[in-house]
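Below are structures written as structure tokens.
Okay, so chain A shows up in both of these, paired with chain B first and chain C after.
Showing the complex of A and B:
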């Protein structure tokens, strides 16, 4: 038991350390960028476009504490974070947390739906391929999905935008809802949101399905060669039970961890795709924050994303243990408290 | 119940085909237990898989499998599913992966029944508990996962699972491979009890003789995917008729707890056109490698697939009687002895001094004429010492190497003499042969040693030279008359291991005369006890030394201890 506890506390320390490193990098990265929140670089010729006079800039720097030494700024940043304060945006003149909270739901909406769709699609196609391993259906699916998953998401998004939205006018060009539109009821509003989200979600799903397909395909192929699959077949079970109770349950366990680990990549993809479709999520916000060197906002966004990815990893870590009975912690299962009766150990028959 | 006719399985992977089973035919009657024995890779598990109808394309299954009147081959997959587990169930070979790691044991036990009968959760749970109780497991194990069970418990779970639908035929694949002796015994008892209670037939697949002995009445021996021998289990183990079966029995510690174990030399070969065992068989003829032997009846209840009709009888002596005349007294030395030596076998002739052993051996070799009776060697009656003059005949090695080797001869002279006398080979061939023989008995074969006089050799060396002299004639039968009695124990041990090793690789038969029963059971498969010129007991070495009820044999045993 004590060993288990020490492992748990080790895990907590590990996550805390990771967190500390992340916020430090978070603090350092925007300051390492060329430029300044009050001087913008624009254009290809490195022209300095300044909207403020020297005196004004001096005033702003003092006001936001940017004139102080870096370590002092760092300490202030940590203090603010500890109090739950993400700071005040230079550009939007608003609380960073309030800005992020306004944008976050849209990104979450994209990411979660894309993840859901790609898991469903990847699992269905992956298992279809595994059942027909090395037949033409498998080969065809494999080729198609590899091609799609290797294409950059923003390129696919751009192509779709030009073709379906600009060309055929089937989908809106930008935004998450129709601006200034009036919705008669909630149902209409929901439809409008779905209409706007369709292409970004589709693009993201397309990019992520390949990886999940490959994982399910290879994992299920391995499971199919296991002895217990032979046992299940010999038992004369129905095909459905053999496939979905005996095989898929074992094959999907690695998928769970993989999805959580890939959440980071998915978020990265979402940021690019949001920019292509001008979808008002965190991604678009981040881009404009970087352009204007809005340090607190950049830090805030990075922090939220990092926490999101870390939380997903932690969740996967914990949940996997419960999914697989072999790694399930002993204390929580009722069956494990059973002691072997002496009779069984001796191998006697009753 | 189950009738298999000319079953053949070929595995196809890419462009290669591998014949796993060929022309397998056998049947299991209702209530009968049949064993399938063979070493690993002989096709046992493939056989089980094909009986369950689990070998599908691209692999090829041919022949007929008839289960309770239904032809498995002609059934659609859907109907095969109906047959599986309800009529024919299987206890799989115990491995960590044989049960699904993420499904509770209880569910796995009852799921085929639940699906077939449409039981409710509650009924299924009760049924699981009943099945667990049947195999002697507490009911709470139903909520455990496979990784929480020990090997023996997993075996019980597999058994409970196989019994869930009350099958008519139960296939047990290596039921004991991972179990300790106590658990194994308990399992056998349980299987017997269950069989009495439920009344299924069994097909036991194993490489283990004691499993066969305990679980089956009939046995089929397969090798390289073909049946080599079939018959009653007890009889096959007591007297194997096929060279392969004998190899299996000889390698089994259960059959010969005291004898040194000797495996079958060589490796199994795949895709041979002739007899599958020909490459490892010591009595194989040139024709054996060319065509397949058929399974033929050799005697009651026994079928053997061998071009030579099983292990051949090399020597047969019938009713041998010999008396010596001393003044006017007739001293009977051998009284009506009948014995048989089969190819490649070691028979120990045990008896006190004066029991007629040496006389008998001299008669067998043809050096002495019996008053009555006849010795047949290799299908020819032995009247003179002709067999001793031929290659592939009988050679005799005597007790005392000091007198059997002339001390005036060099090693070379002594060894080359039989070849010279019998005009075998050119000089170079003779030299090559004696050098090979010296190597075989682990003596140096250089000039220096060849030119040494026998008188300069030690007792152990002399005896080895004497054996080498017998070996240059490539005998089929070696008569060894107390060859180790004049040697110290260490030399004796070395010499005996050497001799058994040579026998195992070149396959000559040996009649080993000794007065030491313990030595006899260490090296021989068969023991004949001679007393006052009569055979008072004979049988397999473990039987004679373990279960003998003959008081004279007991006396010999105890005297030796």
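Showing the complex of A and C:
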């Protein structure tokens, strides 16, 4: 068991190093940037207008601690981060972490519901396809889902916005709730929120379902050829039990890591789709932060997104090691765990 | 001799493509011709006004004009060059870089391999678009910057595929024989590894090109693209940011046609890439 434990702790160390790399990049970026932040600081939008005198700039440098040695700056930066302080947004005049926390729920709402729907839909369609492998239903589903999953989400979103919202007026054009509208009760408010979220969630779901469908389809097809399926049939188990308890459960194992790996792509899609539908999440915030050159805010958002995605990956990796009976630490004495060399395990997860 | 070998290869690849792959390849060839001969296809200039603003499609302006009276068909013709440059540039840089790193890691093995695998894992898991947005915001969005950054962040998938290909090649009996007979690493690379792995690299380059074009278009759509290059994403960005465009008829040509071309290009590249992957590696897909 000690070998397994050491693999696990090695993995955690590797992830910690990754976090440190991300944080360091985030620290280095504004210091590597061409130009001086205080020049932009004083200009509106894209113009560079310096209203500051030399003495003022000197004051700012001292105020932000930019006149101290780099390693000292780095340590202060780490200390601030550890305290959850992401800096101060000079456009919104508020703490970056507070702004992000206000916007994050909307993005999480989109991402989590899209992920849930695409997993459900992908699993259902994928298993349907696997059981009808190479029949026309399988071929038709395969073609349609591949085309939809290869189309960039924001282009699909634009088409849906034009067609369903602008053309037919079925869905709102922008926002997450109706502004200046009065909701009589919580139920109406919830309906309004769902109505606004419908198209963004649908767009993201459409973009993600294809990948999950393919994975379930191929892994279920392999499982169906395994000997234990024959055993299950020979035991006279009901078809339902064979399909959903024996086959699908084993086929869903790879899904776990795949979903975590694709989280980054899903977030990227969400950023764009939010901008298509003017949905007030992190994506729209990031874009407006870039437009007004609010560097602390841009960095804060990047840090939150990157660390979030990497943390999800780490959890999935650890959970996978636990869930997979071949790599699970033995719970009882009679449970025999075959120890695989590290290389094989890596290959298994990828 | 080399070229003689490649031509029948192209032929056999063409015969092995699915219908979707064939259609995609045809669309791509048409779009490439459009990009190369852009000046011959458009009567109007693509960078300045040539008629009344917001004119619907007609005989003089095939696909209408935008808010400044610039011909949209001309902009689409020339915009294809931007997409092509970004796709080709990134694919070449990242394909070669990823290929070299993948082969190097497989060859060296041990700690070098482990380091690169870890790096690849990180690169794949890093959310690409936020990184691109941050870098575009900090370093300015010139087309060259976009290509370099894209290449820097997308070599990882190629490296992973090439590495696993090289690892399985390393175990082949004939390679071991060659090594036993005294073939040096350079000889092995030149005679066996590079020719054998080239198809994999080419296929992943198609993928890379598609990904790069989508990312450039996404950045331009967000208003972070190179403002001096009129890419399709930038046309879409201008159209979408036109106040109240959804309450007018303008989107029917101003937004729709760039959208259509971009979708065609990106989807064709992805479908072709998927089909080529299937041919190059029979284990993937159907």
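Simple rule for what comes next: the second predicted complex is superposed on the first by the 273 of 350 C-alpha atoms of A that agree within 3 Å, B and C clash if a C-alpha of one lies under 4 Å from a C-alpha of the other, contacts with A are read in each partner's own complex, and residues count from 1 in each chain.
The rule is short, and it goes like this: a contact is a pair of C-beta atoms (placed from the backbone, for glycine too) under 8 Å apart; a residue touches a chain by one contact, two chains touch by 3 or more.
Predicted, not measured: the structure shown is a model, and the values here were computed from it.
Trainee: Just chain B (first), just chain C (second), both, or neither: which does A:265 touch?
Mentor: So A:265 only meets chain C here.
Trainee: Of the two partner chains, chain B (first) and chain C (second), which one does A:152 touch, if any: first, second, both, or neither?
Mentor: Only chain C; A:152 stays clear of chain B.
Trainee: Classify the contacts of A:290 with the two partner chains as first (chain B alone), second (chain C alone), both, or neither.
Mentor: A:290 sits against chain C, while chain B stays out of touch.
Trainee: So in the superposed three-chain picture, is A:120 touching just chain B, just chain C, both, or none of them (first/second/both/neither)?
Mentor: neither
Trainee: Of the partners chain B and chain C, which touch A:238 in the superposed model: first, second, both, neither?
Mentor: Touch partner of A:238: chain B, not chain C.
Trainee: Where does A:112 make contact in the superposed view: on chain B (first), on chain C (second), on both, or on neither?
Mentor: Neither partner.
Trainee: Check the contacts made with chain A and report whether chain B or chain C touches more of its residues.
Mentor: C
Trainee: Tell me the contact category for A:249 with respect to chain B and chain C: first, second, both or neither.
Mentor: The answer is first: A:249 touches chain B but not chain C.
Trainee: Starting from the residues of chain A touching chain B, keep only those that also touch chain C in the other complex, and list them.
Mentor: Overlap of chain B and chain C footprints on chain A: residues 346, 350.
Trainee: Contact residues on chain A for chain B in the complex?
Mentor: Chain A residues touching chain B: 226-228, 230-238, 241, 245-246, 249-250, 253, 323-326, 334-336, 338, 341, 344-350.
Trainee: Which bits of chain A are touching chain C when the two form their complex?
Mentor: Listed in rising order, the residues of chain A that touch chain C are 14, 18, 21-22, 29-30, 32-34, 142-143, 146-147, 150-152, 154-155, 158-159, 161-162, 165-166, 173, 214, 218, 261, 263-265, 267-269, 271-272, 275-276, 286-287, 290-291, 293, 295, 298-299, 301-302, 305-306, 309-310, 313, 346, 350.
Trainee: Provide the residue numbers of chain B that touch chain A in the complex, in ascending order.
Mentor: My answer: residues 49, 52, 54, 80-86, 89-90, 92, 95, 97-103, 111-112, 115-116, 133, 135-138, 140, 143-145, 147-148, 150, 152-153, 161, 180, 182-183, 186-187, 189-190, 193.
Trainee: Per the contact definition, I'd like the list of chain C residues that touch chain A in the complex.
Mentor: Contacts found on chain C: 20, 117-118, 122, 124-131, 133-140, 160, 214, 217-218, 221-224, 236, 240, 246-247, 251, 255-256, 259, 262-263, 266-267, 270-271, 274, 285-286.
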